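Structures for review follow.
Two complexes, one shared chain (chain A), two partners (chain B, chain C).
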Partner chain A sequence: MNKIFALTGVVIKELYRRKDFYVLFVLTAVLTLAAGAVNFFHDEKIVRYVKDICLLLIWISSLVIAIVTTARQIPAEREARTIFPLLAKPVSRGQVIAGKFLGCWLATGMALVVFYFFFAVITGSKEQSWPVLTYFQAAWMQWLLLGIVIALVLLGSIYFAAPSSTSTISFVVVISILLVGSHLHVIALQQPEPMQTVLTFVYYIMPHLEWFYLSDFVVYDFGHVPLLKIIAATLYAAVWTGILLLLAWLGFRRKNLTT
Partner chain B sequence: MSAILQTQKLRVEYRTRELRQPVKIALTGLDLEVRAGEVFGFLGPNGAGKTTTMNVLLGFVPPTSGAASLFGIDVRQPIARQRIGYLPEMTYYYKFLSAEELLRFYAKIFGLARAEADRRIDQLLKLVELESARKRPIKSYSKGMQQRVGLAQALLNNPDLLILDEPTSGLDPLGRMKVREIIQRLKNEGKTVFFSSHELGEVETICDRVAIVHQGDLKAVGTVAEISAGHPNLEQAFLKIVGFQSAHAS
Partner chain C sequence: MKISPFTVLLTLLALAFTLALGLAQDAAGWSQRGKSGNVLGMMFGDGRKLLANQFFTMADVYFHSGYYPSVFDNKAGQEDEPKAIVAATRGHEGHDHETGDKKCEKCEECGSFLGQPKDWIDAFGRNFKIAQHTHLEHGKEREMLPWLRLAADLDPQKIDTYTVGAFYLRNHLKHVNQAEAFLREGLRNNPDSCEILFELGRLYRESSHDLDRARNVWELGVRKFLARSPAEQKENRLVFEELVVNLGHLEDEAGNYGQAINWFHAAQKVSPNPAVLQKQIDEIQKKLAALLPVGPAKLY
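Take a look at the complex of A and B:
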């Protein structure tokens, strides 16, 4: 376990020393701030609209951070050949995968904390309401989703050497699932066979990332999600993350690293 | 004496991307045995299969057939690498870390206790003369300094077996001498050193035994004296064995 944490530490150190995402951070912060500064005239609709935009911004920023960071990890180690002195030490490839996953996941977690804290302060100071539990649930669900995404990207990065291809493909997959995921079985019914069966099948086997998007609760003040549902979602995310990491490990385990 | 490093009928084929291309055979069935406490030179011209052999020993490349072990443990198990130090042919280290941070990271991978790690890191940074640069990021290091970082990380766990892939290539004469000195010192401490080279001069002076590979095949193995018997020196023997016809030979 210490070996995995050591790897995790390096991932996080690289992330804050590279400073790539500082721009994204500042941009998100400034936009949220600007949105918060709009004079609402207590118009319920505009308030919701602004909150929706801010939340979307947080989602996109955190997805970008998660995907781009993860896609780079293993290809960069191979490119700079740092993977060789590393794997020449008593560390298994499974531990490397685990350490990389944990590093990327924790890093995006920290980004989320900053984003949500900012969001809460801005909206709270305007509306004088502090639905902390709802924010916490929304952030937690988003973090779970990012775990699945990071595991998926890690898997992709073992097969596509170029981080840009992995990032692009992951983006398309994740956004597609978020947009049509919950409707796919309905869309399927309108399709001719064999499309109908294929899409229905896909609907049942794909990871339902859209379940983790809690913006309605945050934006419409729906209160909070029952604890049982959060636990179920957590388990669901854990299983998916586990499956994807297992596949990543299987792909990486026997890989000839010199080609 | 027992074998610390062993390969048996080791065969490695590289599959090329193009389908019609034939597979590239890097090793044809290598049998090698390195015994405890010896300095073993692994010689061969470029492309002979030296790096490939080391890559199998370190688990980077799965053998097509045959087997390889370190300390009697199959190289596929990570624990086989607990007591080795490895210096790659050429590598960059994590540029955003300092030498000290890099060594501390590797110490954790080895599972060294904090105090032991601190002591060894201080000692090694002194040995490779990077003390004054220890807190600077590696990206600010010169090429020679980066190679010395490599040497330090290879010695971090006080290994019983060192695997060095062309440790002196690309170094200036002073650097070469330092590396030779370090190898000599390790030998005196009873360590086993397995290193590849095509610098025959240095091999002659420090190796107990050498092996010569050519086109993936073991051509000769023995002491320097045994191999150079009947030839003016090791270099001539080497050239003869790899089939090079000297213009001066009559």
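Take a look at the complex of A and C:
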């Protein structure tokens, strides 16, 4: 386990040494503050559009950080040939996968904490209310989603040729699931065979990332999701993360690293 | 012959300057975008109208706190319904829903777009999205305003933006001056709009209690309506009916019963329910009869 944590620490250090997070955070902060400064009909109490914009930017930023950071982990090690001394030490390929995953997941988690703290301060100062449980649920579910996404990107980075292609394909897949995931069954019913069966199969087999999008509850002050449902969603996310990591390990185990 | 690069540069600059002078007059007419009155108009051109519609829809999404059909959801039976925020300005909600945080008990009867869960994934997924039909209330209607402001900036010819925005500013947020300013802005952009004049008249009558200004504005609205083509008049009968019925009530309130009867007669010609208006005419006629001086023959 210590070896996994050592790898995790390296990945976290890499995130705070790189400028990605800082640039995205500053961009999010500037855009949110600019949006919040706009005066509509001299009404100071209008706040939901600021929450909406800020959460959208947080989602975009966190997805960019998670996907871009993860996509370059293994290809960068191969390109710099640091993967060989790493594996020459008594570190198994499974531990490399686990360490890389944990590092990326914890790093994005830390970034999320900073983003949500900023969000809570900005909206709390305008709204004078602090629905901590709703914020916590939204951040937790987003972090779980990022866990699945990181595992998916890690799997992709083993099979695809370059980090750029892995990142692009991952973005397309994640955004497609978020946008049409819950409607795929309805879309399938309108298609001719065999597309209907294919889409229905995809609907049942894909990870339903759209469940983890709780921004509407935060923006519209709609309370919180029952705890049991959150626990069930957490289990669902853990299972999917496990499946994807297992597939990544199976691929990496047989991977020829010299080519 | 060797030409210095500076000479070539100067020649090209002179040529560009001459062409610019020659073409400036013609180029002004090539695009309408540069003539737009605001920055958004210059940036988006005619595409801004699409964005304006999207922002207007966003106001309706906020009004429903995110409970809103997507392009994939079943919207059967809802296509011809006006948006709830528009319906509310006309004194009805389009369909009978509870407001606030209370769930609408009639959603299943009136065809909620979500319907019954299609499978276990759909059923479980509904725990993580807003699945209750509510409307904003208690001053929270203000949250729609940024989208309406943006919609008005992007498409100044969209009448509903002004009437809806002014309605909520005046009725729910009590910002009468802001509502009037918004309607005046709409009127500057759409000088022939009877709808904006009608809403402005309501503001003067219901919020400012200024019957004279309300009368003037509504009468102007009637004149603008009558100046429209017959096809346009047929299409916008509702606003004419609203104008003349309200004028009738106003004159009734002011004690000008003869004029009130004239307006109600005009409303009967376009109303789907003239019998109700006839009852009001009968009542006013009774008031009028009671006011008439009693003749000398009856005294003796």
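In the analysis below, the second predicted complex is superposed on the first by the 249 of 259 C-alpha atoms of A that agree within 3 Å, B and C clash if a C-alpha of one lies under 4 Å from a C-alpha of the other, contacts with A are read in each partner's own complex, and residues count from 1 in each chain.
Just so it is clear, contacts are C-beta pairs under 8 Å (C-beta built on N, C-alpha and C of every residue); 3 or more make two chains touch, one makes a residue touch a chain.
Here the structure is a predicted model, which means the values were calculated and not measured.
The larger set of touched chain A residues comes from C, when the choice is between chain B and chain C.
Within the superposed three-chain model, A:Lys13 lies in touch with chain B and out of touch with chain C [touch as defined at top].
When the shared chain is aligned, chain C comes close enough to touch A:Tyr204, but chain B does not. By the document's definition of touching, neither partner reaches A:Leu24: not chain B, not chain C. Once the two complexes are laid over each other on the shared chain, residue contacts for A:Ala188 go to neither chain B nor chain C.
Looking at chain A, you'll find no residue that touches chain B in one structure and chain C in the other. Listing the residues of chain B that touch chain A in their complex gives 14-15, 55, 58-62, 78-79, 81-82, 84, 86, 88, 90-97, 101, 105-106, 108-111, 137, 150, 153-154, 157, 163. Listed in rising order, the residues of chain C touching chain A in the complex are 62, 65-66, 70, 72-73, 118-119, 121-122, 124-125, 127-130, 139, 142-143, 145-147, 149, 169, 173, 175, 178, 182. Within the complex, the chain A residues that touch chain C are 38, 40-43, 45-49, 141, 180, 182-183, 185-187, 203-204, 208, 210-214, 216-217, 219-220, 222, 225-226, 229, 232-233.
Partner chain B is touched in their complex by these residues of chain A: 2-3, 5-7, 9-10, 13-14, 17-18, 80-82, 84-92, 254, 256-259.
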